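Structure, as structure tokens:
Which chain is which? They are A, B, C, D and E, in the order written, and residues in each are numbered from 1.
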Amino acid sequence: MLEIRDLTTGYGRAQVLWDVTASVADGEIVTLLGPNGAGKTTLVNALSGILRPWSGQVLLNDIDLTATRPHLISQSGIAVVPEGRRIFPDMTVTDNLLIGAYNKRARPHHEGNVERIYEIFPRLSERKRQLAGSMSGGEQQMLAIGRALMAEPSLLLLDEPSLGLAPIIVENIFEVLKQLNQEGLSILLVEQNAVEALNLAGRGYVLEEGRIVGEGSSGELLADERLRKAYLGL
Amino acid sequence: GDDEGDAPTTTADVPTETSAAPSEDPIVVGGSLALTGFLAPTAAIHKVAGELFVERLNAAGGLLGRDVVWDVRDDESTPDQAAAIYERLITEENVDLVLGPYGTGTITAAMAVAEREGFVFPHHTASLTYAYTYACHFPTWPVGVDTNISNPNIVYDALEASGNPPATIGFVLNEFPGTQLIGYGPPNSDAGGAVSEAKKRGWDVVLEINFPTATSDWAPIASQVAEADPDFLYVGALGVDGPNLLTALDAINYTPKGHFYQWPAPGPLLGAPNADGAMSVTVFESHPPYTDDPEAASIVDEFAAKAAEAGIPYTLFDVQAATSWTAWQVLTAGVAGAGSLDQEEICDWLLNNPVETIIGTIDFDPAQQNYYGDLSVIKQIQDGKWVVVYPPEKALPGATPEL
Amino acid sequence: MNADLLTQAAVSGALIGGLYALMSLGLSLSWGALENINLAHFMFILFGAYVTYQLTSSAGIDPLLAALIVVPLGFAAGGLLQIFFEWAKVDEFKSLIISFGLFIILQSLARTIWSADFRSLDQSINPYVGSSFTVGSVSLQIPLVIAFVAAALIAFGTQAVMGRTFFGKAVRAVVHDPDTAQAFGVDHRRVGVLLAAIASAYSALAGVLIATFQSLSPTMAVGWFGIVFPVVILGGLGNAVGNFLAGIIIGVAAGVAAVIWGPLSASLVTFSIMVLALLFRPEGLFTRKAAI
Amino acid sequence: MKSRRRALTGFAVAFLILLAVPHLAERMDWPGFYLTFMFTAFFWITQSSSWNMLTGYSGYFSFGQGAWFGVGVYTTAVLAGKQGWSFLAALPLAGFTALIVGLLLGLVVFRLRSLGGEIFALTTLAVAFVLAAIARIFAAIDGGRGAFMTSVPLPEFLGEFRPAMYRMTLVIMMLTLVTAYLIYESRLGWGLFAIRDDEQVARGLGVPTFRYKMAALGANAFFGGLMGGVWALQIGFVTVEDVFSIRVPLFVILMSVLGGTRHWMGPVVGSLIIFTIVDRFNSAGFENFNQVFIGSLLILLVLAVREGIYLRIRERWVATASLFGLIIAASVIFNSSSMVWKFLWALLGILLMALIPDRAWQKLALRRRPTPSESREDRETVDA
Amino acid sequence: MSLLECQGVRKSFGGVRALSDVMMSIEEGEIVGLVGPNGSGKSTLINVLSGFFPADSGRVDFVGVDLLGQEAHEIAAHGIARTFQIPRPFATMTARENVAVSYMFGREKHSLAQARVAADEWLDFTGLASIAESNVDQLNLQQLKFLELARALATEPQLILLDEVLAGLNPAEIEGSVEMIRKIHDRGITIVIVEHVMRVVMSLSHRIVVLDQGRVIADGQPDTVMNDEAVISAYLGGKRI
């Protein structure tokens, strides 16, 4: 479903990603591992339209997203939980969720979807009209996840979704992801909690200094001695 | 001297050495006008008048046989800018002569510079007569040094002359130094002004409102005027205060019985609702007897054409243009009379000789701070036009004040 | 103090308050929703008035019909300016300075075109000036009634759009984080340009109405600062209905104060209200504090 | 601290040189306008530098300069112009009255925790309107009558009007600049910079934000008012319309932004450039273009030189100084008419220099120079 | 006497009770883990202790001084520093300048020159030496969090409140950071650490305080607390430590 070919990008004149090639198949969960500053967030942002790629191709179901105007990317089925949440602080919880449903595909179903998000995260439904910026860190993270789900994506990009969440919520979220995946959602997951992530995913890539340096099934990666040392702390 | 009774003389008293084309460098007259800023609307008229004067002067052979150039700068309606400009013109750019800017504040600031530099300073529109003490300033706003007494009394005389003087009078005065001077007299003096003069005539003052220069909402003033309903409404108005007030009065269906505006922009007032019967002061209007003189008539025509070209909507030559013209006449007469560009000699000549101007003969009197009595006359809007109605010898033949 | 007089002052004040609100709404939206302190709105008003004057006096169009031309022009001008702002990536502070530059340029353009002298529509071609009707002892000036009604409709309409539609939410999202908004499908350029265009159209409309009953001069725009800014603050940035109510409060307070204490007190009262509002409700009188 | 001593010595030397100018002017029989030109420049430098102490340093955007200026003008206009005080006795009060008004405002607005920067900006705009209304209402201040300053006598030791204005404005400007510099180099300055970036965090790290903001506002108002007090003399006839107009705040903003608000020298450079250009435009009689030009320049500069031109030219100071000297020398040789014109050409050279984008500059320069962000190291050692 | 003592601290936002009656004490030299479900009031408590929010009622004693009602900058001067869960660097300054400002104003007042030297030490300590010259907009989240830490340390606090500084590190990186926090502790600084990553909390804390709905529901030895039924059901879920 998602094909990344020779993607390069960066900030200003500083290049961060170098010829990244990767893919996510339909219905797959793929995880992206890598040390701090490797460029994982950069990759996610380049896929979601937050950041423009410099060169290379991103194909979603064979449609070239690099040729698509960024605001139409969500329409083609990609949604993102960005690093640092990036919720809209001056807007209410509900309005933040509605922005998630802005694209034409999801907009007609926004009412039902909001209710669903409120079921997944009851805390959000208690605070519908609170300004998102005044929510606690974890609550904002829930909101960011909820907002992405509002977009009815076929591919969900998650950049450290568990960051700042209580263990009980993390567990809950991984449950939800598993369930959505079973309903057909493809997922690209960046997660520091690598063991957990690999357990959920079928496959993973390892990104270091902006380059893909390894790839394999979860089992293979979990067994890799170097990775265990470097990322899993085992 | 006091020239109040004189018939209007309109000779543009230009000394013409009809020699060949001037060969020397032109004589440069420096000055500023409020081409931008809040005084700009009226300053535009002074610009056209000055340009026309210089054009005609040069066509007639220039001054002392030399062409004249008017170097006019924009003082942005601010006094400190005006001061800097006159300083620059005199000391850096070495102009030969200066002519005052437009507006009380800028004139005052520029006059201080002229005084320091010893330059003759003719000026046309400064309203605070009591404050000007420079020996070589030559005012051509011909209202007399006691304008706070003389000016309202000319108005009141016209009202009496109408045969129907008011029993009650109301004052609406702009909080502008000039209108306040006329309304109440100079600060810290008991001389009084329009208000006390009206009381002296036994009229009942039923309304006194002061409003700030930047007033945009006239409804509250209008309702108070309507409530007081004076027989005569004396408006210490500048610019478009008059039309604004009239519009607001009309909105509450009130028509003033009789009304006077101190220094209105003439065009907009003509277009205002219920403007007929509105009075004002003037020294020149574009109709007989003023235009009886062919010279004056041609000035009026040329001014109208030039003003239209400059995009000015009201193109009749009247009080603003005429005082500007007078200032030019005074300056050039002084130079011609002295026969030199020496400032002291020009000043001396002007102090000692009367000058024939478009508004009459002017004889600067050092005993009156170089003023020379009040030459103002009363005009009124009749049938959609401004006509001079008082005193009879200066009125449009047949016209009388109507109340 | 006569009761009729006060009633008249209050009613006239409320009506002119409607005009104040309309004059302020464009700036308020631009500031509150787009975070551009766009002083060019004063010029949209001024040019709206002058173009109306021009159309009416040279083509003989009824001044209100001129709105059909002037308002779209305002819309286009505001949109273009926003495109420029987006292209130049201006922030709040820069927008203030750039639009002040525009303010000066356009003011001098107006002076070049229409001269510094006053212009006003002649009574013969302007059926609205001075026209009024009376209700009881109170008379209502028609141009101001029109402005009031227009301001009310626009205020409530705008509020509904901003509060209830996806467009309104998108506007707020875009201001804070255009990149993230874009990732969720918001075309941040289009949203911003559209809102700016609408805001400018409002200002142009205010200009049309001003031309129907006031004399125009290029320098008059600076005088509007003293009215528009208090209304914008009192109403709360970007809050259309608040802006409308603030216009009325300012109009009534200034009108009544002028009758009771004289016209000099009007601006003092206006600003006192503004300062009090700032002290007790810095977010604007009518902006709901974030509900929890 | 060595650098501070060096800088203060620099100020003292500059002061002494400038102090000698009126004598020189007399000796060399300069046009009187040169002094007027210089003291008007001092006026603007003072106004914009004092504005920058608040807005540039703390980030609180102020339209209040017109208010501080106006309070100063009216203080001397009332005391010296109307009440007959001696001018030098009234002058300090111009600063202190403005200071008091400023601190009163600060007491009100800085107590509000939820006050946004833009609301502060508008409040300062309102202050000028309120003061104007007060001046109109109270006859003791103005009452719509204006106040004459034209016959106020000046103490003899100051000399004639022009040199007297020059000396007074020079002293005030130097005081302002030294203050601006000392703040910039002190804890107060860095505390204000921290406030500019994130006030809450600054407070959490120990910056006494309320006191610091009051200090910045007070310094701004004091120097703005003090210079206003002198300026009343140049205005001659003081009226509410002129004094409380939008002109002073807007020019001050323009000048500081052009020069750069991040450094105490920015407003100095900006004021010189803008003031000289405007003056020469007027001198050339381009009044119709003056406004268009200023407007365009404003837009262009805000877009082209973000950090203000001062930081740019400092990166390139050798080239800039050479160009400045070269142009002056060339215009002396080719004898263009007036010194002010020569100064203008040289300033335009500086402006041009600043407009060269960083990248183009690096290509132009023979050896590669660091870009502003890269060169913070040496900027800091320069400042330290 | 304890270093810090909270009694009955309450704080509401409109209808939301973020803190209701918090009782807690911190001994000198301790590392205390503060955990609890999302929205349980941890950050709010840090905000109250550091003077960012005024508490509605209660008492906070810090070495015998009542902190409530004191301004944030006064509290900083008493020796309490904190980091922000969502980093808030001074955006127009370099990393070094960020730390230098904080050193100038911290517990003791220092000059600019001294601050530059000290800033480099703290950047070194937090592993940010290489980005000392960078503008903060070039830093990634992790670097920003460590910058928060460096800035807090530069105030030379007695007590430091860390709000999720280690979230977002991978397990291997966490090892190194835990070492760093120990080093901070070795300098005699008392630490309160808020963190959802249990391995961090467990390996560092001498004592754990658990908040839930603005109340302390457990307080004690890490092992005991983590096996507490209430804590498990409110916070840990099925995943016991």
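The rule is short, and it goes like this: a residue touches a chain if its C-beta (ideal position, glycine included) is under 8 Å from a C-beta of that chain, and two chains touch if they have at least 3 such contacts.
None of these values were measured; they are calculated from a predicted model.
Common neighbours of chain A and chain D under the contact rule above are C, E.
The chain with its Cα centre farthest from the Cα centre of chain E is B.
On a Cα centroid basis, the chain most remote from chain A in this structure is B. Taking the mean of the C-alpha atoms as each chain's centre, chain A and chain E sit 28 Å apart. For the pair chain A and chain C, the distance between C-alpha centroids works out to 44 Å. Averaged Cα coordinates give chain A a centre that lies 77 Å from the centre of chain B.
Touching two or more other chains at once are residues 13, 16 of chain E.
Each of the following residues of chain A touches two or more other chains: 127, 130, 134.
With touch defined as above, residues shared between interfaces to two or more other chains in chain B number as follows: 35-36, 38, 175, 210, 212, 214.
Of all residues in chain A, only 11, 14, 33, 35-37, 41, 83-84, 123, 127, 130, 134-139, 141-142, 160, 163-172, 192-195, 229-234 touch chain E in the complex they form. Chain B meets chain C in the complex at residues 35-38, 40-45, 175, 209-212, 214-217, 219-221, 223-224, 227, 239-240, 243-244, 246-248, 250-253, 265, 267-268, 271-274, 310-314. Those residues of chain E whose C-beta lies close enough to touch chain A in the complex are 13, 16, 35-39, 42-44, 85-86, 138, 140-143, 163-164, 167-175, 196, 198-199, 234-239. Contact residues on chain C toward chain D in their complex (touch as defined above): 31, 37, 88, 90, 92-94, 96-98, 100-105, 107-109, 112, 222, 225-226, 229-230, 232-233, 237, 264-265, 267-268, 271-272, 274-275, 278-279, 282-283. Residue ranges on chain B touching chain D, taken from their complex, read 35-36, 38, 71-74, 76-81, 83-85, 87-88, 90-94, 104-105, 108-109, 111-112, 116-117, 128, 131, 133, 174-177, 180-181, 187, 210, 212-214.
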